[in-house]
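Alright, structures below, take your time with them.
Two complexes follow with chain A in common, the first pairing it with chain B and the second with chain C.
Entry: the complex of A and B
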């Protein structure tokens, strides 16, 4: 019983970080109908921006000792930095393609390329070594009902994920731009004909997706460690987005929590060596039973 | 930015020095196979830098056999398949006479057939799996060598340390199921530990790209283990220790293998205090102090992976010595000179090779992480 509770808590905390990343995948997919595999790159950019701001390495070429900042400034910079990079990547790599062809497969391949490009920019400029964020986020163990343990960090990660996901939901349902995004997710062409500035809309979507990736990046690099290949973890988030139904935001969240729980419970009660086998069988079964995922809106190309 | 400028300057310096050699005798090319990117980059970059220092020193004092040396560094990207391509290019297009590195058993196992066929000796730095130098049929691979101790020895050392020195009789093991090194070390630890009367209460696995180990650790916690043995690589082991402490396992003793790297203390911080690691060398070795200092002056960064720096430094000197004794810059002659090495005084060891191409009776060092979150010499273990 204690073990079960412990694994459920661990699963929810892992799932909430997956959710932040998975939502970014789904958001882009809902508009442009392709899976943006450069998403892991945005996450890494967010992590590094935060790291450099926190450590005072930023502007150290211009000011003696650099300008060290607190976590709030660093996090804000990371969000904006990753958001802007996402917009730039869209303008550089995807816009020329989507203007020339309606086939989204080319954008998919371009996104895989961009992922490799971003990873290697970090490898050649600042090196592949592991970096640890200064301990700005509290990590102390917290007892849950006296039978299981979690940490302040996990509670904070969960809370942040909830705040941003609810905020995103409000943005999408209550604002004019949110309405435009929802309209575009039904049909981008028609939304354009109705007077929505499509290019600006797409930039906005990428900015938001980049920001969410940056939050994931900050939490992942604080919990684990920061290195150029950290974006590889987005594979799991992508699987979560597919289980939930690509293009559906509630689906991405549900899929992430299911995946996080499945991973933890499989490890805890079956075997850690069978974990990935169980998780991917879960994915395949979901796709056989519900090809569009749990909350998917239509059956189309998944990748 | 400063680093980019440094890189450009380095490249220019290399080009001009290559031009200078062009006038004199043809250089002897030696390959260095290192992980410059990917998971094991912290170890690989340190090794390539360290070997470069030795080669520059040798060139400054006139080279070997009247010829200068040229170091050709290739990236394994931490993956055996890329390492195979790198070694093929070293041998076929660069025509190296010896391959130094890599530091991972999986990589040297993959490249062993290639160097055997080309008759070019390859020497691993931290390739501790026994199969690296002796194949499954017990036949010695004629062109594969190592400068480190082997996993059966390391596993015995860890088991004896856990049982006898620490007196912990219930062990849990957490290992990477896709890594030859980890699989081997785990087997050897298990065999010795159970022979000494200990019980393995939990054995959990993980995969290369994993960063979250809480589920496995929860199982370890419930198993009642009083010691955790980690036969893995630095990043994984650091994250495991960190997450174990976060889950409230404060009293669990931790002993790990030579995948230890000083950067683990950055990743895991205070969680590392009091953990033990079996390695080849220690940071406070007075013989190595001036070399670490020079490394920091040249490369402008802290010499964190001191184990790899030491191994690569001694390896490069050993290869230079072997080429000199071979009297010719040819693979078979150098391989023979390497195998015949006897009582060679290096920095961290007096090297004598046994018939399996392994160093004979090489001592191991146990490090303990102190309150200052740095590793300190704990004890030296001589083979029985």
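Entry: the complex of A and C
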């Protein structure tokens, strides 16, 4: 019973971090109809920006010994940094393609390339070693209702993800650009005919996706460590987005929570070695039973 | 039916000059020209594949022009869609293309995207609701659940939301029952009369389009082959033969 409750909380926490990443995959997919595999790169960029701000490495030229910023400044910088890099990646790699051809498969391939590029920029410039984030996120154990123990970290991750997901939902449902994004996710060209600057809208979507990935990056690099290939973890979030139905935001969140719970319950009751097995079994079962995903609409070809 | 063109002095509000569009090696429009004057309804009729929709999409900046120019009120019309709408030209596209997962209200709101004044948007929405009371009844309903006729009303209302100087309509009769078509066309005449809206309409249903419009152009495989007052074209034996079903011979 104790283990169950504990693993449910841990699962929700892990799932909520997946959700931040999965929502980014789904947002981009809903507008441009391709899976942006450079998404993991944005996560890594967010992680490194946060790491370097915390360590004060950016300011060491100006201040003796360097002055580390606090986690709020570092996190804000990470969000903006990853958001801007996502916009730049779109302009560099995807825009030239989407302006020439309606075939989205080429963007998918370009995104795989950009993922390798981002990873290796880090390997070449600052090296591939594992780095631990300074301990700015509290990790102390917390007792939940007196029956289970979890960590402050897990609760914080869960709360942060909820805040950002609710914020995203409010942005999409209450603002003018949010409405434009929802319209564009149904039909991008028609949204353009309504007077929406489509290129600006796409940049905005990438910025938001990059920001959300950065939050995931900060929490994941604090939970594990930071290294250039950390972005590979987004595979799980991608699987979650597919289970939920690519292009659907509620689907991405639902899929992520299911995946997080499944992973943690498998860890708690079977063995942690079964985590990944469970993830892919869930994916395969979903694709057989409901190819469009839980909340998916079209069963057409997805790339 | 007054003919604004014969008023003489006034310059056309929308002027398409030598517009050409290519799809790869296929020349869809080969230098088509037409003028629309303030307050007029101008129709472009032609068979399937004559280039009617191509012309609309090229005006809207949705497809690239290969040559020619488009003037709005004497100034060149920008090339990108969002700038075209901002400049004052809106399109109710072929096949309606309403945003099915958005509500009627949201569809109208997105139509007003270039406007930023909240009260101006509300005012315009009320105007659209007055024209199409059916849309007001269904304001909270998803656009995908509307009937074809209602979706067409929504597409027209959505285009009106941006307060255009010229309203473009691409095949508003497509896929609708005759009685609904009559209703839509009655509404278009009303929009023209009460709002003073200038309308450029392309239609396969030539008879309806000629009855509605003041002047008309005939588009044939990418060229304008005939133009004139709609009443004259309606009685032209050639037009009758080719586009109106040629009753008697």
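Simple rule for what comes next: the second predicted complex is superposed on the first by the 290 of 303 C-alpha atoms of A that agree within 3 Å, B and C clash if a C-alpha of one lies under 4 Å from a C-alpha of the other, contacts with A are read in each partner's own complex, and residues count from 1 in each chain.
Here, a residue touches a chain if its C-beta (ideal position, glycine included) is under 8 Å from a C-beta of that chain, and two chains touch if they have at least 3 such contacts.
Remember, predicted model here, so these are calculated numbers, not experimental data.
S.K.: Do chain B and chain C fit side by side on chain A after the overlay, or clash?
M.R.: Fit - chain B and chain C, as placed by superposing on chain A, sit side by side.
S.K.: Is A:149 contacted by the first partner chain B, the second partner chain C, both or neither?
M.R.: In the superposed model, A:149 contacts chain B only, not chain C.
S.K.: Looking at A:36, would you say it contacts chain B, chain C, both, or neither? Reply first, second, both or neither.
M.R.: So A:36 meets neither chain B nor chain C here.
S.K.: Which partner does A:191 contact after superposing on A: first (chain B), second (chain C), both, neither?
M.R.: In the superposition, A:191 contacts chain C only.
S.K.: Mind telling me which of the two, chain B or chain C, contacts the most residues of chain A?
M.R.: Looking at chain A, the partner in contact with more of its residues is B.
S.K.: Which partner does A:179 reach: the first (chain B), the second (chain C), both, or neither?
M.R.: second
S.K.: Thinking of the overlay built on chain A, is A:276 touched by chain B (first), by chain C (second), by both, or by neither?
M.R.: A:276 contacts chain B only, not chain C.
S.K.: With the C-alpha centre of chain A at the apex, what angle separates the C-alpha centres of chain B and chain C, reported to the nearest 10°?
M.R.: If I round to tens, I get 150 degrees.
S.K.: Just to confirm the value: shortest Cα separation between chain B and chain C in the superposed three-chain model, in whole Å.
M.R.: Minimum C-alpha separation, chain B to chain C, in the superposed model is 39 Å.
S.K.: Which residues form the common part of the chain A surface touched by chain B and by chain C?
M.R.: Chain A residues touching both partners: none found.
S.K.: Within their complex, state which residues of chain A touch chain B.
M.R.: Per the stated touch rule, the residues are 3, 6-7, 10, 14, 61, 120, 123, 125-132, 135, 139, 141, 149, 151, 153, 220, 223-225, 227-229, 232-233, 235, 263-264, 266-268, 271-273, 275-276.
S.K.: Quick check on the complex: what are the chain C residues that touch chain A?
M.R.: Against chain A, the touching part of chain C is residues 60, 62, 80-82, 85-86, 91, 93, 97, 99-102, 106, 109-111, 113-114, 158, 162.
S.K.: Under the stated contact criterion, what part of chain A meets chain C in this complex?
M.R.: 176, 179-180, 182-183, 186-187, 189-198
S.K.: Can you list the chain B residues touching chain A in their complex?
M.R.: Of all residues in chain B, those touching chain A are 1-4, 36-39, 41-42, 45, 177, 204-207, 209, 211-212, 214-216, 218-219, 222, 234-235, 238-239, 246-248, 263, 266-267, 269.
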